[in-house]
Every structure is written in C-alpha cells, then in structure tokens.
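Several structures are given next for inspection.
Two complexes, one shared chain (chain A), two partners (chain B, chain C).
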Partner chain A sequence: MTRQEIVDGVAECFAAALGVDRDKVALETSFVDLDIESIDVLDINFRIDAKFRITTSLRELRARLLGDLTEEEFFDEKGLVTDAGLRQLQKVLPDFDPEKLEGELDEEKLFSLFTVRHLVDLIEEKLAQTARRGA
Partner chain B sequence: MKLAGRVAIVTGGSGGIGRAIVLGLAAEKAAVVVSNRGSREDAESVVDEVCACGGTAAYVSADVTRPAAVEKMVSEVIERFGRVDILVNNAGISRDSLLPLMRTAQWQEVIDVNLSGVFYCTRAVVRPMALRRSGAIINISSILGERPWRAHVNYSAAKAAVNALTRASAVELARFGIRVNAVAPGFILTKMTRTALEKFRDRVLASIPLGDFGQPEDVAKAVAFLASDDARYITGEVLHVTGGAGIAVGPL
Partner chain C sequence: MKRRVVITGMGAVSPLGPDLVSTWAAVRQGKSGVGPITLFDASTFPCRIAAEVRDSALDPLTGQERRLAKYLNRGARFGMAASRMAMADAGLGPGADAPTRLGVAVGSSGSRPDLKSLGFICRTLTEPGRGPAALDPVGFLSRASSTGASILAIVHNAQGPTLNVSTACAASAQAIAAAFRIIQRGDADLMISGGFDSMICELDVLGFSLVGALSTRNAEPQKASRPFDRDRDGFVLGEGAAVVILEERAHALARGAKIHAELAGYGTTMNAYRMTDSPPDGGGAVQAMEAALADAGVRPSDVSYINAHGTSTAGNDRSETAAIKRVFGDYAYQVPVSSTKSMTGHLIAAAGALELVFCVCSLRDQIVPPTINYENPDPRCDLDYVPLQARPVAVGVALSNSFAFGGNNASLVVRAHR
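== the complex of A and B ==
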C-alpha cells in the first residue's frame, strides 16, 4: 500500500467519523482544527481498524509524543509538560513552537497538537511491520 | 427468520430464562453461543436442542466476573463465527438476605455478576461490533430494579444500576451503530423462582394486572424483538415484561 493510499484512507476515516468534507482533512490539519474529542478519536480508530486491519489507539499516538521520556519526566506534579517534555515535543513536532503556546501545556492541550500526519505515520509503520512479519 | 446470518452470545444461557432466550434467538435463525460458568452439561443440552431443530449453536465457557475470561470468550466467538452481532447479558445470580443480615460476600457476589459482568461483556464486544458499525446489546434487568422486594437490596441495586448502564452505554455506543436496551422481567416462572412464587402465589398474582405469572418465552420474545432490525430505532429503553406488575398505584 502506498503512502498516498494510506493518506486517502485516513482522510476518508476522519471525514466519515466527523461528518466533514474529505477536503477539510489535510496532512497538517490538527485535531484542534477539526474540533476532535476523544470519542471522535475512538470512532476514527475503529474505522481505521476496519479499513487497514490494524489497531491504533490514542495511547499509541501519545506514546510517540513522549518518546523515551517517562511520565514523570514529561509531566510535572501539576500535570503540565516540563521543559524536558517541551524539548521532546520540538523533536517530534517540527512545527511546534513553545513560544507560541497560550498558557500552560497540559494533557488536554497536548492531545490537540496531534495532526492527521501523526496517524498516517503510525499506520504506515504498523503496516510495514505487518508486511515484514508476513514476509 | 428475523436474525438470519447474525451471531449472538447469551451469557448464563443454560438457565431458565437464558435457555428460552437461546431458543428464541435460534428460532429466528441466529447462530447462538451459549455461555455459562456453571454446568457444561446444562449448556450443552441447550446447544443440542438448538442443533436438533436445525439451528446453529455452540458452547463457550466463561465467568463474566473475570474480564480476561470474557475477552477470551469474545475472541473465541470471533474466531469461530467471524463476528458478533448480538450480546444478551443474561447471567445473573441472587443471594437473598435481609439487609442487616446480608454478608459482604452476598452483596459483592451479586454486584460482581449482575452489574460488573454486564460491563465486562459489553466492553468486550464494542470493538467487533463497532468495526461492522452494527450491534445490539440486550441487558436482562428485573422489575426489582425499580420496585423493591424484601431481602433483595443487592439484587435491586445491581438491576437498577444495569438500567442506568443500559441508558449510559446506549448514549455512548449509538455513535458506533450499537443499540443497547434492557428487558426487565417481572414474575417469571422458572426453576429458580418457582418455590418463592408458589409460596406467595395469591398475593403476587393479585399485584399483576394481567393476572398470571410470565413464562421464560415471554422474555425471550422481547429479547428477539430488541435484537432484530424491527427495533432499529430503539435504544436506551428498558422494556418491562411484567404483565403490568408495578404500574398501578392502588389495589387492582
């Protein structure tokens, strides 16, 4: 499966789950742009599972943002992202600029930083893994 | 033939009402998986009865109070039948006692089976149903969830919670094409209830507008209806199969 086929398939899942036009969903569209809530993500995950035969979850997406940092290193005791966490986010989110943040970055705001591209990348990697296992 | 091609799981499918539900769904041509944690022999006799009538049924052992066992049960059903369209959360127990004398274990066991079991089974079927964007879950509640009876605080509380769980999960799962409803039986004659119902026969009958005890098949018909596409626009409901018991405020 080509990357373009994955992109198209993911965009279809987003459009169907959210009831929006397919052209509203671009690679760099963020979850906040689409006003996505956690139940929407679950719906998108089910549609992706049905279409691509792989499971994805919010937890997996989140793990990609945290990288090698532990929960304690990424979040402080108030649940806000630490300086080490912000540096990690800059590594995995090329467009992320901590200077532009309005207020503190907590779990909920972190969720809004995901873009369609994150899910596409995750699916691409998982499909490649599945193909390797099958080979 | 309302359920041809569908696959159903009935927990506690070997008991009085459970057995009738299995046979009722099979009569509408669903393939039915009978699950229980008790007697394999009882469950297999229901399976045999379905198969003898030309239907499809299988037995899968599962204790609904153990989430891992429930997940395994659903995996086995998917492996064998490829899908699950209908879940009937029927498994239930009673551990009756007057409140001050009720042991903690009596309280907890009833909550574990009658309430937590419904949650574990529901959670386990959401993914396979959501992938097909279709499913019907029917929780077997009880008239006691709304109208109390002595020595049943554990059972009443669990069934009232099942009614709330039914509505709450209906709201959440509608998004995925899954309907969730409950059937609340009243005084149904089964092996489990016969002694008690016979003991209070006249008093109980006097409280039932339709003037008779119900049969397990009456419950099964309601379940088959809610499982079918005839109920496609019904979710979050508690359907009372009680002969009208509990609806009147004064003497009948």
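== the complex of A and C ==
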C-alpha cells in the first residue's frame, strides 16, 4: 500500500466519521480544526480498523507525543505539561509553538494538537510491521 | 392562575408524506400508506407489509446536523426532520428567545441492530486478533432511545428540561403530557415535544409477529389496517415522526405567534392487568379519558371528535369501544371516532404525537379523518367510526387516545384556542 493510499483512506475515515467533505481533511488539519470530540476518535479508529485491519488507539497516539518521557516527566502534579514535555512536543509537532498557547496545556488540550498526519504515520508504521511479520 | 399551554408549531414525517401538509392531505383523502416491506428482505416473515416512510422524505443533511447524523437511528432522523419543520412553523430559531426556557420531551423506542450488523458483531468478537476493539462505538449510542432527545436539544440549542419517554405505543402522548406539565409548572416556556420511531427492522417485525400482533394480509397491503372491522387480523407497523411546539399561552401571545390550538387536558392510568391483552371492559382507559376531560374542564358532550388508538387488533378495538361507551354513555353513539392508523399504520412511539397533530388539523379545518377499510362492522364495535371518507364536523374539542402493550393508557384533549 502506498503512502498516498493510506492518506486517502485515513482522510475518508475522518470525513465519514465527522460528516464533512473529504477535501476538508488535509494532512496538517488538526483535531481542533475539525472540532473533534473523544468519541469521534474512537469512531475514526473503528473505521480505520475496518478499512486497514489495523487496530489503533488514542493511547498509542498519545504515546507518540510523550516519546521517551515518562508520565511524571511529561506532566506535573497538576496534570499540566512540563517544560521538558513542551520541548518534546516541539520535536514531534513541527508547527507547535509553546509561545502561542492560550493558557495551560493539560491532557485534554494535548489531544487537540494531533493532526491527521499523526494517524497516517501510525497506520503506515503498523502496516509496515504487519508486512514484515507476514514476510 | 394555572399557566395555559398552546400549540404554536407542528411538523410531521409519515408514510403518507414527507411533511405535515402532504400527510394531512392524504388523511383527508383516505389514502393508505401501507405496502410491501422494502427496508429488509421479509420474504420468509409471516408479515411482509408495513407503512414505510419514503427515504426521499429525509432532506440531505447539512452542517451540524450532517455531523450529528451518525448518532441518529432511522426513527430519530425522522424526528430531527419533524422538529425542524415544527420550529420553522412556530417561527423559532435555535434557542428561541431563551435557551434555558426551551426544553425537549419526546417519545421513542430506540433501535435494534439489523441482522447484518449483528452478524458482524458476532463474527468480530470471536475472530482471532479482532475482538471488541474492532467494533463500532457509535452504533451503541445511535440505538439508545435517549440519544435522539439529546441530539434534538443540541441542534435546537434547547437547554431547558429534556427527557425521553419509552412507553411503547403511549410514549409520545406521555412525552407531550410531560412537556405540558413542565410548562404548566413553570419549568419552561417552550417545549419541543412529540415522538419518532421506526421499528420496521428484522428483529422488531419478528418480535411483533411472534406475539401475534401483526396483520398478515400480505396480498392486500392497503386493506390490512382495518380498525373496528370484523375482518381485521392485527396491526400494521408504520414509522415516522410528529413534533409539536408547546408554548405557554402568554409567551405565545406576547410574541404574536400563530396559535394552532390549546392543549387542555391529560389523563393517564395503568391497567395493571395483563401483558398484551386489553381489559374487555375498557379497564384503565376509562379513567384516563375521564381524567383528561376533567383536567381540561370539559364535559364528555363537549367532545366533537375522538382520535382512537384503534390499532386494528380485536382486543384493542373492543376494549377501547367499551371504554368510550363507559365514559360517554349514550353520547358515545353521536361522537365521531376514527382511527387514522387505518392509513398511517402504527407508528408505535410516534403514534400519539401524530394523532394529536391530526386532532389539531381537525380543529383547524373542521373536518374529521376517516377510518378506511371499515367495511364489515365488528358487531362488538358499534360506534360511528367515520367509515371510509373524511367528514365535515364542527370540531371544538378533540380527544386523542394512546394505549400501550403492557397496559399504559394516555389521553390528551385539545381545543380551539380562544
């Protein structure tokens, strides 16, 4: 499966789950742009599973944002992202600018930073793993 | 002084048409909405007929409604459409003039998965490497009976009291009654109320067939729903929605709203008798009608039209006839009684709302709907059922009955607004 096929397939899942046209879903479109709520993520993952036979979860996406940091390093005791966490986010989210943040960044807001690309990358990796296992 | 409640908006989606105007026109003409089931392959079912809403009745959804459409089962889609019509008819936008004073009270049944989805769920749960994570999280919500009310509230920005009633065939009458009381009590000024339902699916048609409730007159679908007729053999499932906007009278007058009628009284009782049999003597339906008339402050002889529950089952038709005679005495033989289910089929949770809307149309147009297919009277049903053709009648007060499997009775009274 080519990268483009994955991009198209994932975008179709977003469009179907959200009741929007396919052209409203671009690689850099963020979850906040699409006004996604938590059940939408579950719905999108269900549709991705049906299309690609790849099971994903919000937890896996979240793990990508945390990178090598532990929960304690990424979040402070109030549940807000630490300075180390913000530096990590800049690594995985090229467009992320902590200066532009409105208010504090908590778990819920973190989720709105995801873009379609994150899901595409995750699916691509998982498909490659599956292919390797099959080979 | 008691707060009075008027109806300032109405909308409907029915087997007779995609809106209230076409539906009511078909009722006046005595048309049947019944035909072969097309929503699934019913070829092996004992009952293969129903009154289906044509899919074209549903406008393509746009914007927020399109996004929320995944949470709406078929019945709730009809409810959404009817609620939009009713709000437009009432001249109200989202939130009306005060979102926290606008509520939602609807009757609905929820829905079951179709056999294809059920098969997918069963296979996926047991398939190695798949399991629950591969299943649809939204289907669960769209099947729940409470979801429709929530989505209606979101779309119409109704932040006042919101509830869903699931008492089968009495559901939307009881929902409208709940909305009526909410406004009387002062908990809201405006309520989006009514009901929606679609039970024309494998599991429900099977269920109603297994309990022996459905007509199997498959060769003559349009003749199948024949309330009070000697040759009836069960009811015909319908589907659709009807929504009314209930409004506190002074609120409606202050904004110059068009007032269709006054919702004047409500009575409800429970037979506490048997699960599916109707009490032969009329049972609790007697007290339900009496309470509704007393609540409205009208005498039985003031009633000029009764829209019967009239399902076209021997049990209901005889029990309801007996109840009407006990409430109305000799006057029972003078008041026109008809069953619009002869045309629409039985909309279950939406039936009471649609039939109340028909009562309001009767008040407005001074014409009462017929009972079609009433050709050979059941000797035990000897009232004036308005056979075959609509009839001009000076209607000032109308009574609508809704009785449910399980024994719930609900009666509503509407009268011309003065």
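Quick note on the criterion: the second predicted complex is superposed on the first by the 135 of 135 C-alpha atoms of A that agree within 3 Å, B and C clash if a C-alpha of one lies under 4 Å from a C-alpha of the other, contacts with A are read in each partner's own complex, and residues count from 1 in each chain.
Quick note on the criterion: a residue touches a chain if its C-beta (ideal position, glycine included) is under 8 Å from a C-beta of that chain, and two chains touch if they have at least 3 such contacts.
Just so you know, these numbers come straight off a predicted model, no measurement behind them.
Novice: Give one word, clash or fit, describing how chain B and chain C relate on chain A after superposing.
Specialist: Partners clash after overlay.
Novice: Which of the two partners, first being chain B and second being chain C, lies in contact with A:S57: first, second, both, or neither?
Specialist: second
Novice: Go through the superposed model and pick first if A:L18 touches only chain B, second if only chain C, both, or neither.
Specialist: In the superposed model, A:L18 contacts chain C only, not chain B.
Novice: Mind telling me which of the two, chain B or chain C, contacts the most residues of chain A?
Specialist: C
Novice: With the two complexes superposed on chain A, say which partner A:D49 touches: chain B (first), chain C (second), both, or neither.
Specialist: Both: A:D49 reaches chain B and chain C.
Novice: Pick from 62-70, 80-88, 98-106 or 188-196: which stretch of chain B gets in the way of chain C?
Specialist: 80-88
Novice: Residue by residue on chain A, keep only those touching chain B in one complex and chain C in the other, then list them.
Specialist: Touching chain B in the first complex and chain C in the second, residues 39, 43, 46, 49-50 of chain A appear in both lists.
Novice: Write out the stretch or stretches of chain C touching chain A in their complex.
Specialist: Where chain C meets chain A, its residues are 61, 66-70, 133-138, 141.
Novice: Taking the touch rule as given, give the residues of chain A at its contact with chain B in the complex, in rising order.
Specialist: Its residues touching chain B are 39, 43, 46, 49-50.
Novice: Considering only the defined contacts, which chain A positions touch chain C in the complex?
Specialist: Within the complex, chain A touches chain C at residues 17-20, 39, 42-43, 46, 49-50, 55, 57.
Novice: Under the touch definition given earlier, write down the residues of chain B that touch chain A in their complex.
Specialist: Listed in rising order, the residues are 127, 130-133, 172, 175-176.
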